[in-house]
Structure formats: structure tokens, C-alpha cells
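Presented sequentially are two complexes of chain A, the first with chain B as partner and the second with chain C.
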Partner chain A sequence: MFHWLERNPFFFAVGVFIVIAYAGIVTILPDFMNSARPVVGTKPYTVLQLAGRHVYIKDSCNACHSQLIRPFKSETDRYGMYSLSGEYAYDRPFLWGSKRTGPDLMRVGNYRTTDWHENHMLNPAEIVPGSIMPKYPHMFKNVADIETAYAEALTVKKVFNVPYDKSGMPKLGTLEEAKAQALKEAEEIVANMKSPEVKEALKRGEIKEIVAIIAYLNSLK
Partner chain B sequence: MNWLNDNVNMLALLGAAAIILITVFVVAKYIKQMKEDKSTGELAEENWDGIGEYKNELPIGWSLAFLGTIVWGLWYFLIGYPLNGYSQIGEYNEEVQKYNTKFENKWANPDEETLMGMGEGVFFVQCAPCHGVTGDGINGKAADLTVWGSEAAIVDVILKGSKGLNYPLGEMPAGLLQGDDAKAVAAYMVEKIAKLGKSKNPDLVAKGESLWAVCAGCHGQNGDGMGGNSPSLKNYGKPEFVVDVLNRGKAGNIGVMPKFNDGRLSDIQKLAVGKYVNSLSQ
Partner chain C sequence: MQPSRMINYDYTVAKYFAIAAIILGIVGMLIGVFIAFQMAYPELNNLAGEYGTFGRLRPLHTDAVIFGFLLSGIWATWYYVGQRVLKVSMAESPFLMFLGKLHFWLYLVGVVAVVISLAMGITTSKEYAEFEWPIDIAIVIVWVIWGMSIFGLIGIRREKTLYISIWYYIATFLGVAMLYLFNNMAVPTYFASGGIGDWWHSVSMYAGTNDAMVQWWYGHNAVAFVFTVPIIAMIYYFLPKESGQPVFSYKLSILSFWGLMFVYLWAGGHHLLYSTVPDWVQTMGSIFSVVLILPSWGSAINMLLTMKGEWGQLKENPLIKFYILASTFYMFSTLEGPIQAIKSVNALAHFTDWIPGHVHDGTLGWVGFMIVGSLFHMAPRMFKREIYSKKLMESQFWIQTTGIVLYFSSMWIAGITQGMMWRATDQYGNLAYSFIDTVNVLHPYYVIRGLGGLLYLIGFMMFAYNFYKTMTASKAIEKEPQFASPMAA
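Let's turn to the complex of A and B:
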């Protein structure tokens, strides 16, 4: 009865593809335009936060931490409101992750603070007994790469029309302006930190990686 | 032979025996077929590199089930799913609503012990990462809750001041009183303002009362915080004060504690954790 299908392998393959892709077509396509738009209140990252995001990617935090809260009560109780796709509009690439060795970090800015991160990143097991998260003391030594972060911000602004410099949105300006702005944001964070090394570096105009990643983590809300 | 009385074990054993029996018969049948059968029948037209296929008609039941699934699939793809849109968020909302109603009914009038258990649970999940499992503040990284809320802590506040709860009066300056004077006011506050029971220095209470004017300027004669201008000291050492801290957050001399007003804790959970925190120091 179905020999005609077997005789046309290409047509058969196309048919199988459509049948399998159908669930995606029905659930994703109809609302795609809507859900891809930024949720009201979502802003692009500032240059300092973007530099922190690069540290996050470089040190592979996403190997152990997800950034996606699913709509289950057990998750929203612990992490807060479930994630909406529009919240990732300015994430390039998004850092959903696929494994939770540690907790989700989508909204960690709501319930952890600068001084806590400083202690925790230096030695997680001292703060959370038995934690298997590695120590990141090198972040207190390495200097954050503000130039690359600026380059990325400028690129997405020009290529994808990300609304930097629009009213109510983060300012980008020239590289010099962006550096001054990053330094100002770093000062606010360092005021809540204790490490003398980091404080002295900031006086010299250097922003350590730990400052950038805390700026990023605090922005996750 | 106790384990044979268990139905699950029994079923599993019977099933295993049946599978072995059927396998033996089926294998025997095919071995026999391989030995004796000759290839007969009509070949299908398609042929891949010399490998052909006999035209064996599908059994009727099989093709009916197959066609039925296709018809159902078409209905489900085109009408069933798209028009009766299942929504994950909708299911989530229903789940949360059901849970909340159940939670409220179950814990409408919790007794002391239940509250304490709930408070302990909340503490380990939400507070222990900063305050430590025992509440000691992990070597000064957060408030030491085994002391905070006690008479000794009041003396400490008078000596060191306090800031960060974001009250209209702002900061409480350090060193308003020294030495025995500070202890005396703390004793008076414990017995007469917060009414937490007997003070550790009962003989200083009278002296404390005469010095209360130093505090009354900001906290009011009866310690009620003058209509929300400063924290109400009547609540000090009680769960209500902790609830207030949770609602306001605190950026103080030790570090920054975030607010807990994003709905992660319900009112009763805040009260419960407040009770638990107080039990650590009292």
C-alpha cells in the first residue's frame, strides 16, 4: 500500500521532517514576533556588565549554572518569576545552560549582594559548607577587558540596532566616555568590597575581573 | 520465602517465565522455517543493489490501526492542538493557585512548634548561605544572629551605631552612651520597652529609665519609633522586627542584606523565620 513512499526517498524524508517539526511550528511560529521582542524594562548590558559577562563565559560558569527558570512552582519558589523569552533579547548568546550543578542564576541579583559574591568567589566552601564550586582567586588579579566589551556593545548597536544611547537606556558614547562610565559603576561596587588589592587597582584606574563579574551578577534580576 | 508473597515480585517472576517460554517457541519456529522454507511469492518493484522485498500485504488490523493513527494525527495537528491550545503557563498558574489555597488552609492557625519548624526550613534555604548554618554570620560576614536581638546586641548597637534599614531618620550615630550607661539603657529597654522578660542587669533598669531621654528623641518616649521615623523598639527581639528587616533589607556596617519583597516568602513564612531567628539568641 505504501510502496510508493519507499520508492521516493526524498519525498519521504521531507514528509518525515514536516511531521516531526510540526510541534515546533505550531508552538513557536504563531507568537514568534511577540515573544522575541524585549520585555518592557529589559535593558542592554552596560559596558562593565558586558565585560563581566565575558568573564562568566570565559570561566565557564554556564557549565554548572543555568539561567532559565521554568514555570514550575518548585523553581519559582526558589529563584523567583519564571523566565520570559523577551528577557533574553539582548543576550548574545543567551546563557541558558543545560546543567544545574549549582543553582540557577537568572535572578541572582535579587537575593545576593556584592559583599557576598566577593567572599563566595574567593572561596565558596568557606561560605557554603561542602560547596563544590571552584575558587576564583585569579579574578582578583586579572584586569577586566573593557575595550572588548565596548567593541561588542558598539557592534550590536550598529548591526542589530540595540538601543544604546536612547533615552532611559545605558549610555555608550565614545570609548573614552564608556571607560569613564565603567569606572564610575566600578566605584559603586568596590565601595561595598573589602579586598585592598581591588581597591588600590581601582585608584590606578584598573578594573579587576571580580568587579566586572559582580556588576554582571548584580544585573541579573 | 517471604519475598514470593509480594505481588510485584510474583508478577515479575511470572513475566520472566512467560518471556523465556515465548522466546523458545518463536526461536524454534524460525529455525525450522530457515531450514525448510523456500522463497516463494511476488517481488516488489523497488530493488536496492539487488536486495528486493516480497509483496506481503499488511495484516488488516495493522493497516486499520495505522490509518486510524494518521486520521487522528491530522485532526490533532490541525484542530485538536492549535484550537484547544495547551499552555504551560496556564498549567503553572493553576498549580500555584491550588498549592497556595492548600498552603493557606493547612497553615491558617499554626501552633508554635509548626511555626518553628517552618522557620527553620526557610532559614536553611534562604538565610544560611549568608548567615551560616548556625546563624553566626560566618566570621563577621553578616549579622551574628546568635547575638542579634538580645540585650548584649542592644549594648552593641548603642556603642557602634546602626544604619541601612532606610528609615527617614537615617543613621543612628555610634557612641551615644558609654560603658555602664549603655548597659543600663539596654536593661531598661529589655524590661520596659521591648518587654522581653527579665534583664541580665536588673539593678541598672532604674538608671536606664533616667537615661532613656537620649533615645526618646528618635525612638519616642515609649519606643514606638515615632510613627515610622525609626524602627519600633517595642518589636525588638520579636519576629515582627525580623519581618521589618526582611521587607526593608539592610545596607549596614557589616554588609548588604537584600530585601525579601519579591514574593519568595509569604507573610507567614516571614513570621516563622523571625521566630526561628529570635530563638537563636534568646
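Let's turn to the complex of A and C:
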């Protein structure tokens, strides 16, 4: 049979494809629906948090920080309750990471504050002596992209039935409403910040990247 | 009459890709060395504002070496090996020639788009699949063109039986096509929301745990079909050619090929041990990873035994050294991987520096050495000149080998140290170390790793120089060498 396949490229290719394809089908499909179900209490991100998540992705925070707590005592002692599948139901993409150059951030909102993040992003080694994390002063300059975050929220609401605008869930509304809501959430965060630059910008209606990413990090619980 | 003597093979496209592989290799490795030193000296992060941080550069490093250096190297060898084992010249078909050139230039456009978008921070965050949808579409087009080129050349072949290398090139084409398409499924938000926000932004079709499953089904098997399968295609051609020895066993090559195809795809789950994916998927990933030793070692042993009774060639021909060390590193890496995939080992190793250590003994030792060795073998045949300097090649071999050893040994120690410190407890059962303790202890290993990478880069620069000199200034040869490549002292 192998000799025959080696003289018939078409059937050879079909054979290879069948052999490589079905492992994916068998491992991924059976639990697909189960794995997509949220646990009770999990909510989709608000537009501001989503914009912060985009900043997290833009600067590849996930290259050094995981968001996955494994069920070992050494991990639950350090980071909190181990991860459940349903907690990730609204994470598109998932941000588990594959390397912990820095600590896990799955529940960082439980033990770090806005004030801590503000100082830490400006100069990590000042807050944590010996830290090798880069400084992120540009997050205090760049403006967060609320429109793209809104577009994404609207897309997942329409395409994947993510429960925005349902009772007890974050409100999305129109783009104008979403922008006003993001500004309101940003005000609460900026109230706990020191940077005059960020405060000035907010008065002009601009939300800096640092505000959005702090909103996102605070939401990780 | 031997038809191979009559056919005038056309290496135009192979030359393009060979040069691209060398240039992109230098770029990718240079970024790699730089970010390695960033981990030892964090001040290096802020030399170029937001564009110079580790987070922005890391995807550029991985994608430049995988999709720049490797793919170019794979295609350079395809446009060389393909013609020769199918006994047909690209010059015979203007259409295939046109496709080959189109393949190259479209690919270069893609490379430029990737570099710009990643530097700007436009990324989907998925490892080795960072590109947003417009670039994904371009990649699919380039890939389809390559497929047309493969099957086009096969369609007009004179040698009816497909040589082993062709099996592996076909598998590369099919495997990557399937994996890439499914992992990059996404909805462009600009169009779905009626024209709001950035036009290039998209959102993944899968969420959370499912997204992780699909990503690592892709991520692991991208390693299979870019780092392994096409590299095996190379060694099955270049080692017998350079040494003049027939492949040891045809049966072993069949077993290894079909075994590899069947087993590899199940092993992705070992990236997700103790995560929230179903337990049976994790166990399957773990078991199949161990089974994977069989077909991997099958190919490697087949290559080593090809040299049976001819080991003296190692002394005379440095190119054979590259091939033999490459298959040895392949064996080493495919033993280390399954060990890391055992659940209890993975509990310690996952998230630590042992993982990049493992990746690099495969990529530097196996992949890098095979591409360098293949391009060296091709150079005298493509340019009709002897290799510029044997001495330089010898020194390159030893400098790079030293670099690899420094790299993986320091990362072993770093990874295991880190893993042990994360779980260490004091006499009352409290965690013994804060996280930053486990970072500070790694500094010396990060320095050694950086030096190892630097040595490898220096060796690669020597290769680039040797190749360039072979191209332009070396002594011309009249007749194509049959086996061992001619080289000046």
C-alpha cells in the first residue's frame, strides 16, 4: 500500500490529511459546548476594561505573566483560588500565557490597588526592588482606544450572544452611551491616581492607556 | 543515460529564499540576543520608548526566526530538492517559474507587514499566530501558491516515485494549512459592528478554555510541521547526498513518517496540564507525548545508521558534523520534551525557563544546524563555486555548539531552581520565598544564556560571511560535485 501511495501523490496527500486531522476532531470537539459555559457570577468586561485588555495585549504582558492558577497548594497560597473553566467564558482571546517571568495575574484585582499599579507601571524596580519588568511611561501618554473596544463588545454581543445589556450585566448601549459610561468608570479610577497629566487629559474627555489597563487589572478577581 | 545529468536545474527561486533565510536569521537572532540580555539587564528595555520593550520584541523574535528564517530556509531547500528528486527543472515550466517568484515577492511583502504591525503592538496575542486578519489572508495566499508549486512540480515529474523528502514537504504544506486556518478563525470587529474602531482588529471565534485548546493544538503542531517535518525532509536528502551513503532503512522511514503524522497531533494537550481543559485531554496529551519518542527517534536513528561504517567522514567533512549533531540534538530534544510532558514533571517545569531552554536546544541544535548545513551543501551547486572556507566552517561549528550548550544548561538550572523555589515551604508550611526572590536568583543564568545566544549569533554571522564569499569570490568549479561539497581550506 505504501509503495502505491508513493506513486500517487493525490491519494498520498489525502491519506496524510486524514491521519493528521482526526486527532484534532477527537480532542477538541466533544467538550466544546461544556467548556464555553460561564460559571455563575462571571460577567463580560465593560468597554473600559476591554480597552485595558487591549493595552495588555498590545504590550504583550502575557509574554511574561500567566493568568492561570493551577490546583496546587503552593499556587493557591500565592495567587488565590485555582482557575475554573467557566471563569474564562468571555475571554477572547484567552490570556493564560506560557511563561511566568513575573507572577500570575489571574486574581491580581484582589490584592493590588490603583495607586500601586500607577507607581509600579512608572518604575517597577522602585516598588519591587530587583524587579526586571520594563517601565511603561508611554501608557501615561497614549490614549486608550474606546471605539475599538466598543466595536469588539458589540461584535461578541451580536455574533456570540455575550449577555451585554441583560439585567445584572454590563450595559453597552450606543457608542455615545458607551463612551459616557467609560468616562464615568475612568473618573473613579483617576480619583485614586496622582499623575496630573492623566487628570488633565480626563477633563478633556481623553482616557489614557494607564487608566484602561488599571480598570482591567482591577477587574481580575 | 542518467537523466539527472541532462537536466539543467534552475535555482533562481532557491537562491532568493536562501539569501532571505540568512538575512532574516540574523535579524531574528539579533533580537533574540537583545531580549535575552533585557532579562538580565532590564534598563535595556527603555532604549526605544514603547517599541523597545521585551513585550513588543518577543513576538518579533519568535516570528522572525520561525516565519522568517525557518520558512525561507524550508522554501530554499524545497526549490532545490524538489526539482532534483522529481527530476524536472523549473525552467521547463514558465508557469511554475512565475509562481515561484510570485511566492517569494508576496512573502517578502508579508514579512514587511508583520514587522511593522508587531512593532506597533498590533497582535492577537496568540503565540506564533500573532498576526491580525489582513496578514492572515496574505499568508494563506502565499501558502496556496506554495501548494500549487509543490503539486505543479509533482504533476510534471519524470521520477514517478516520490522520495521521502517529498512526503515530508507535502505533510508540511497540509499540516500548517489546516492548523493555521482553524486557529486564526476570527471576526473582524470593524465590519461586524458597522464601521467602528480600527479596521484591522478582530476577535477570536473561540473563548477561554476552547481558545486555549485550539491555540495549543496549533502551537504544538506548528512546532511539528515547521520545526520537525520539513527539517526531516532536509536531512533525508542532504545527509545521504553529502556523505554518498544510501538511507539506512526504507521500512524505518515509512514507520517514522506515518507514526509521526499520526501521533504528533494528539500531543498538544501537554501545554495545558493542570489547566482547566478536560482531564482526559491532558492525559491523552501526556501519553501521546511519550509515544512520540518512537517515530522521532526512528528518523534520527535512521540518519545516524546511514553513516554506519563511514564515521571517518566526520573528521574530514565539517558539513557531516552539522548533520550528525543536528540529528543528535533532535534525539535529545525529543526525549526532553516527553519528559516535560509527564504530569508530575510538568507541574515543576511549566511556566519556568526550562521551557525556552527545551525549545532552543531543538531550534538552535536541530533546526538551525540543518538549515545552515543544507544551504552550505546547496551553495557550490547553485553558484558553481567551491565553499569559500573550510576553516571558517569548522570554527563556526564549535562556536555555535558551545553557544547551544551554554544556552540549555543555564536554562535547565534556572527553570528547575525557579520551579523548586515557587513551591518551597518553611517548617510551618508557609511559602518560603516571595516571587521576586525567585527572579533575583536567576540573574547569573540569564547572563550565561545571553552569552550562549551571542555565541550562536556570532557563528551565524560567520556562516553569512562564508556564504556570501562562496557566492561572489570563491574558486569556480567546472563539474557539479557528486557527493562531498568541495571547499577551500
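The rule is simple: the second predicted complex is superposed on the first by the 186 of 221 C-alpha atoms of A that agree within 3 Å, B and C clash if a C-alpha of one lies under 4 Å from a C-alpha of the other, contacts with A are read in each partner's own complex, and residues count from 1 in each chain.
Rule of thumb we're sticking to: a contact is a pair of C-beta atoms (placed from the backbone, for glycine too) under 8 Å apart; a residue touches a chain by one contact, two chains touch by 3 or more.
Note that this is a predicted model, so its numbers are computed, not measured.
Contact with chain C, but none with chain B, is seen for A:A13 once the two complexes are overlaid on the shared chain. In the superposed model, A:D91 lies in contact with chain C only, and not with chain B. For chain A, the partner that touches more of its residues is C, with chain B and chain C as the two candidates.
Once chain A of one complex is fitted onto chain A of the other, the partner contacts of A:P71 extend to both chain B and chain C.
In the superposition on chain A, A:P129 contacts both chain B and chain C. Once the two complexes are overlaid on the shared chain, A:V39 sits clear of chain B and of chain C alike.
Contacts of A:V143 after superposition on the shared chain: neither chain B nor chain C is touched.
Contacts of A:N119 after superposition: chain B is touched, whereas chain C is not reached.
In the superposition on chain A, contact of A:A180 is made with neither chain B nor chain C. Touch criterion met: A:N192 reaches chain B, while chain C stays clear of it.
The interface of chain A with chain B overlaps its interface with chain C at residues 3, 6-7, 19, 71-72, 77-78, 128-129. Remark: chain B residues 44-46, 55, 57-58, 63, 73, 77, 81-82, 88-89, 91-92, 95-96, 99, 125-126, 129-130, 133, 138, 141-142, 251, 255-258, 260, 262-264 touch chain A in the complex. Across the complex, chain A is touched by residues 38-40, 42, 45-46, 49-50, 53-56, 58-59, 121-127, 151, 154, 160-162, 167, 170-171, 174-175, 178, 182, 187, 189-190, 192-193, 196-198, 201, 203-204, 206-215, 217, 254, 258, 261-262, 264-266, 268-269, 271, 274-278, 281, 284-285, 347, 350-353, 355-356, 422-423, 425, 430-431, 435-436, 439-440 of chain C. Of all residues in chain A, only 1, 3, 6-7, 19, 22, 26, 71-73, 76-78, 80-82, 110-116, 119, 126-129, 192 touch chain B in the complex they form.
Of all residues in chain A, those touching chain C in their complex are 2-3, 6-7, 9, 12-13, 16-17, 19-21, 23-24, 27-28, 31-32, 34-36, 57-64, 66, 68, 70-72, 74-75, 77-78, 83-103, 125, 128-136, 138, 142, 145, 147-152, 154-156, 158-160, 175.
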